[in-house]
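What follows is chain A paired twice: with chain B in the first complex and chain C in the second.
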Partner chain A sequence: MSDVLAASPGSAKTRRNPLTRDLLVRWSFMLPAIILMVALLAYPIFYTLDISFSRFEITSFGAGEWVGLENYREVIADYRFWDSMKVTLIYLVFALPIQVALGFFIAYLINAPWAGRGLLRALFIIPMVVAPVVAGGMWRMILDPLWGILNYWLGLIGLGPLDWFGDANLAMAAVIIIDTWRWTPFIVLIATAAMLALPKDVFEAAKIDGCNWWSTLWSVAVPLLVPVIAATFVIRWLGAVKMFDIVLAATYGGPGKATGVVNLFIYEEAFRSLRFAEAAAMAVIVLVLTMVLTGIFLRGSRKLEEWF
Partner chain B sequence: MAFMSRTPARQGVAGNRVRIAAGIAVSVIFLFPVFWMVLTSFKHQVDIFTNPPKFLFSPTLETYVEYMTRADINKRLANTIIVAFGSGVFSLLVGAMAGYALARVRIKGAATFGLLILLSRGVPPIALAVPMFLVARKLGLTDKHITLILAYSTFLVPYVMWLMRSFFVSLPRELEESAMIDGCSRYGAFFKIIVPISLPGLISTMIFSMILAWEELLFALVLTNRHATTMPVAIAGIAGDTINGANWAALTAVGTITVVPVVIFALLVQKWLIKGLADGATKG
Partner chain C sequence: MGTVQIRNARKAYGAVEVLHGISIDIEDGEFVALVGPSGCGKSTLLRMIAGLEDITGGDILIADRVVNNVAPKDRDIAMVFQNYALYPHMNVRDNMGFALRQRRVPKPEIAERVSAAARILGLEALLDRKPRQLSGGQRQRVAMGRAIVRDPNVFLFDEPLSNLDAKLRVQMRSEIKELHQRLNTTTIYVTHDQIEAMTLADRVVVMNGGVIEQMGPPLELYDRPASLFVAAFIGSPPMNFLSGRLAEGDILLMADGTRLRLPVGDPKRRSEVTVGVRPEHFAVAETGWPAVVSVVEPTGSETQITARIAGQTIRVLVRGRFSAPPETVIHLQVAPEHVHIFDPAPLPDLAELEDVA
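Presenting the complex of A and B:
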């Protein structure tokens, strides 16, 4: 409403200008972004689609003859693709809830009122700006079975040394640990902002009503935080499906293919084996699945908001 | 609020102390790996492979001197700076103008484009890497800085656009209206009035974009091979080598060079970074 009122001086001015010129000026703000996204996002996606339905010609290094669904049939019959999808799924199922829960819990801890609170909050940015590939390499060293400091400490309490990168399950655990280390601070940050924005009076009321800490948490704080928790989950999901750097640096998919996430597999197929057509078909499948699941999560988070 | 900061009553000072102590402990745990990497980078080779691990040792710059000259680290560092700075500036210009268009310039259909651009956050980069590589190869654009800068704009422009949109919406409308009544053009109002006021937001957004470009790996791996390779590619190479050679010294030194400048930058602008990130996440 106020928009319309506020707009009137501006539109009075535009009437004096030639209409087309003004329209051009208006669009010129949006146009660079649109052109860029069409050229660098939309076009590549269509090109991927094109390749995925064609035979790839190594000689011309481009899409050749149209072969319909052949590449898709081949990919769907390829157990290695499904293995990498399974690895990705396991990673997501563990990493996402752990990171979201841990992030909110740590945000609660580091926002205890005391003089050093601001410092802790600032220091928590550090893991977040460590390049994922550095994080992978760094943790590779820390988790090393012979010389790694974590194994030394685990040995002191009688738990190790663990062969983090030799055992399939431990390697997956290592990847999740590294990813959690790298990304939880990001969730801590969002959670902090959300917690500080909580309305005070509700908590006062709960206190007057004699709620204890636990019931205040579950019947007041959590319901108020549900929208943010859901949004955090969706954002973290959008980042986690792109998982590539950490795995590449820490395990390179090993041992065997135990941590070979789908992005790494597609990368290998395309740029090591030069099977671009199959890689494109897999990329399209991943793209569609990601979009569908993102849509479902967005809808789910909206439903969740309505409930509370 | 009571739940966040309850000190008195039942829980009492003791409960708060436990919370503070746990908070400090968690922070130490999260910072330790970076500390350990930086520490290791100043060790002599013999001090790296010890059991128990050494906290005290005579420091050396051996590794740095060796790897700055060998392995072309200087050149890769320069490439990373060029690409990060280029993508930061370029994406900020394009993204901020689009964000402004969405926030203030009423144009039909812009919102649809805005939504489409936002949706692109769901596109896995691997789906773009294959065609980008093929097209860049065809146009003779592989291994050039500009290629990486353009490739990075696919995720930076949507990010900047959305962040700056929410920033511009929060500015009072009277600002550019009075400017335009005073005879400023739309561009004049944007560049002379809006941009200076939004400078802190713009700069923090640009710094965050630069950090994202600085640490990107997949596109850099695919689109460069010698002249324009960046630090993450170098690290991926060294980390790949450790499977055979365990070249930890190189890994820690190159890792430190990659991480420390970004950490310093991030801490300098942490107030804005925190606000920008939190806003981008919750309002986006």
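Presenting the complex of A and C:
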């Protein structure tokens, strides 16, 4: 009898104990990641938010007096901000479709089993491992109007000389070319992996059903790849919004403001003009816009997948 | 019209030859099943006929034309794949009409042929569905619909039923047979399931290790297997084998000294033999080979008895009811025409043969 009485509170304890211990174990496993996330992501974001609603004190290097939306009002009224947004938009509208289309097309071309395929794939990775600033400088030399090799080649076929960094449109083209050179291989890698995962027998069925190379591509391969293409688009879109390094190294926003993307503008406002509060407000605006657009795009791509 | 001739066809991957000269003549309208264990080369041969694999040596003729270097789309064949290979982004109607669209058949004709095929296969209600909204059996039927819409010279089936559950497999099997009786199109059907091969085909080709073991009508393979392999492969439950030395013409002397009197002698007068008897050809009688019962399994219409002769496990299948407690000694008799005598050879790995899904 006494045994039972003594055991019952004990059993209740042992019932609760494993639960709290389980929780403790779970959180202790998550703790390192949480600390890292807070230190490296959450803190900077909230710090930026704080600054964007305040006057920035250079002396204490932190948020000063709370000013509400004043920074935002100022930024939204600033035509230079909207100009740089437009430049970013132009860059996105050209670079993204070109890179995704080119990436998948190259992947489709080199997907056929042949001896040099592995080597070619390895070569394709090189642009991705070159530091962006180095890539920018290298392309500056290639595209140099006077002694750049591209103008020399164009001269051989009777074109040019083109003033790659002097003309506003050409400078944008140059940035897009460099960016495409740098990022297409990444898309080729994703696309190759996606294509290797496609069901082989569907393509064999297409062969028997009478598809030629072109109709296999359009009627079978592309529709099957739509989900991956959409995902690649999102990944590249998120990367391209951050566009900064290549512009910094190749054109520094020039000529004039022709290639001055929004990140370059934010950078200059913050670290050249020391207008940290306004820069923070701009960064928040860009962040929110990116999130909204990404959401819309993801929703759209899901619709697209249902279509196919 | 839809004849297929395979003349000494060889296939090698690099230095490894997987098909060692296969010759088969298939008549117009004939249903031929290629059957064998996995890795025997049956699928490779089918894919060579389809044009999905090159032909290393020999010739393949479809409708009297050598097709070795003809593209798959120009061979006038249709193929049904094991995993159906439907176009996931197209609905049933478009899947079935796709080949016709590629051939620029006028739209009204496509619609007509698709709906005719859908009627045959009972797919009319599903024409607007995507493959992912269909069950396995329905997908299989769409894959067949895609083939018959084409009205090709030859149908090629590559293990079409192996992804279906047992019940559906039996149902689809008879649908395929019915379809063939109706359309009478030359059909080459690859399977590892000997029952499928037996029930469907006019002629069964048993392959093993890249060669043809035996080729003939199903019942001929069952009645007169040319080799131990065919004997073991065809028939379910599989044939029983007893090895030993032949003495005095018709006495089988087994390793442990057991003497079994065969109802016939070996016409070839070999001394070392393997004797095969199908489970259903044993009869339980007053005299005959003594066997020790281990398990009796009634299924109602018949009874399967597992027993031992000279320590070797054998299976016996008798019609109707039978009961005996374990360790009882029963006597088994076999009619002379049901005794198969083969050269002694290691038995094919039955576990491997029975990997039938």
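One rule holds for everything that comes next: the second predicted complex is superposed on the first by the 287 of 308 C-alpha atoms of A that agree within 3 Å, B and C clash if a C-alpha of one lies under 4 Å from a C-alpha of the other, contacts with A are read in each partner's own complex, and residues count from 1 in each chain.
In this text, contacts are C-beta pairs under 8 Å (C-beta built on N, C-alpha and C of every residue); 3 or more make two chains touch, one makes a residue touch a chain.
Keep in mind that what you see is a predicted model, and the values were worked out from it rather than measured.
Between chain B and chain C, it is B that contacts the larger number of residues in chain A. Once chain A of one complex is fitted onto chain A of the other, the partner contacts of A:P199 extend to both chain B and chain C.
By the touch criterion defined above, A:P223 reaches chain C but does not reach chain B. Contacts of A:T290 after superposition: chain B is touched, whereas chain C is not reached.
Once chain A of one complex is fitted onto chain A of the other, the partner contacts of A:G210 are limited to chain C, with no touch recorded for chain B.
In the overlay built on the shared chain, the residue A:I58 is in contact with neither chain B nor chain C. Using the contact criterion defined above for the overlaid structures, shared-chain residue A:V241 touches chain B, although it does not reach chain C. Within the superposed three-chain model, A:A33 lies in touch with chain B and out of touch with chain C [touch as defined at top]. Shared contact residues of chain A with chain B and chain C: 199, 202, 204, 206-207, 220. In the complex of the two chains, the chain A residues touching chain B come out as 6-7, 9-10, 13, 23, 25-27, 29-30, 32-34, 36-37, 40-41, 43-45, 47-48, 51, 61-62, 106, 108-114, 116, 120-142, 144, 146-147, 149, 152, 181, 184-186, 189-190, 192-196, 198-200, 202-204, 206-207, 212-213, 216-217, 220-221, 228, 231-232, 235, 238, 241-242, 244-245, 248-250, 252, 263, 266-267, 270-271, 276, 279-280, 283-284, 286-287, 290-291, 294.
The touching residues of chain C, counted against chain A in their complex, run 50-52, 71-73, 77-79, 81-83, 85-89, 98-99, 102-103, 146. Against chain A, the residues of chain B that register as touching in their complex are 1-7, 9-11, 15-16, 19-20, 22-24, 26-27, 30-31, 33-34, 36-37, 40, 48-53, 93-95, 97-98, 100-102, 105-107, 110, 113, 116-117, 119-135, 137-138, 150-151, 153-154, 157-158, 161, 173, 177, 180-181, 185-187, 190, 211, 214-215, 217-218, 221-222, 231-232, 235-236, 238-240, 242-243, 246, 248, 251-252, 255, 258-259, 262-263, 265-267, 270, 273-275, 277-279, 281-282, 284. Contact residues on chain A toward chain C in their complex (touch as defined above): 199, 201-202, 204-211, 215, 219-220, 223-224, 226, 308.
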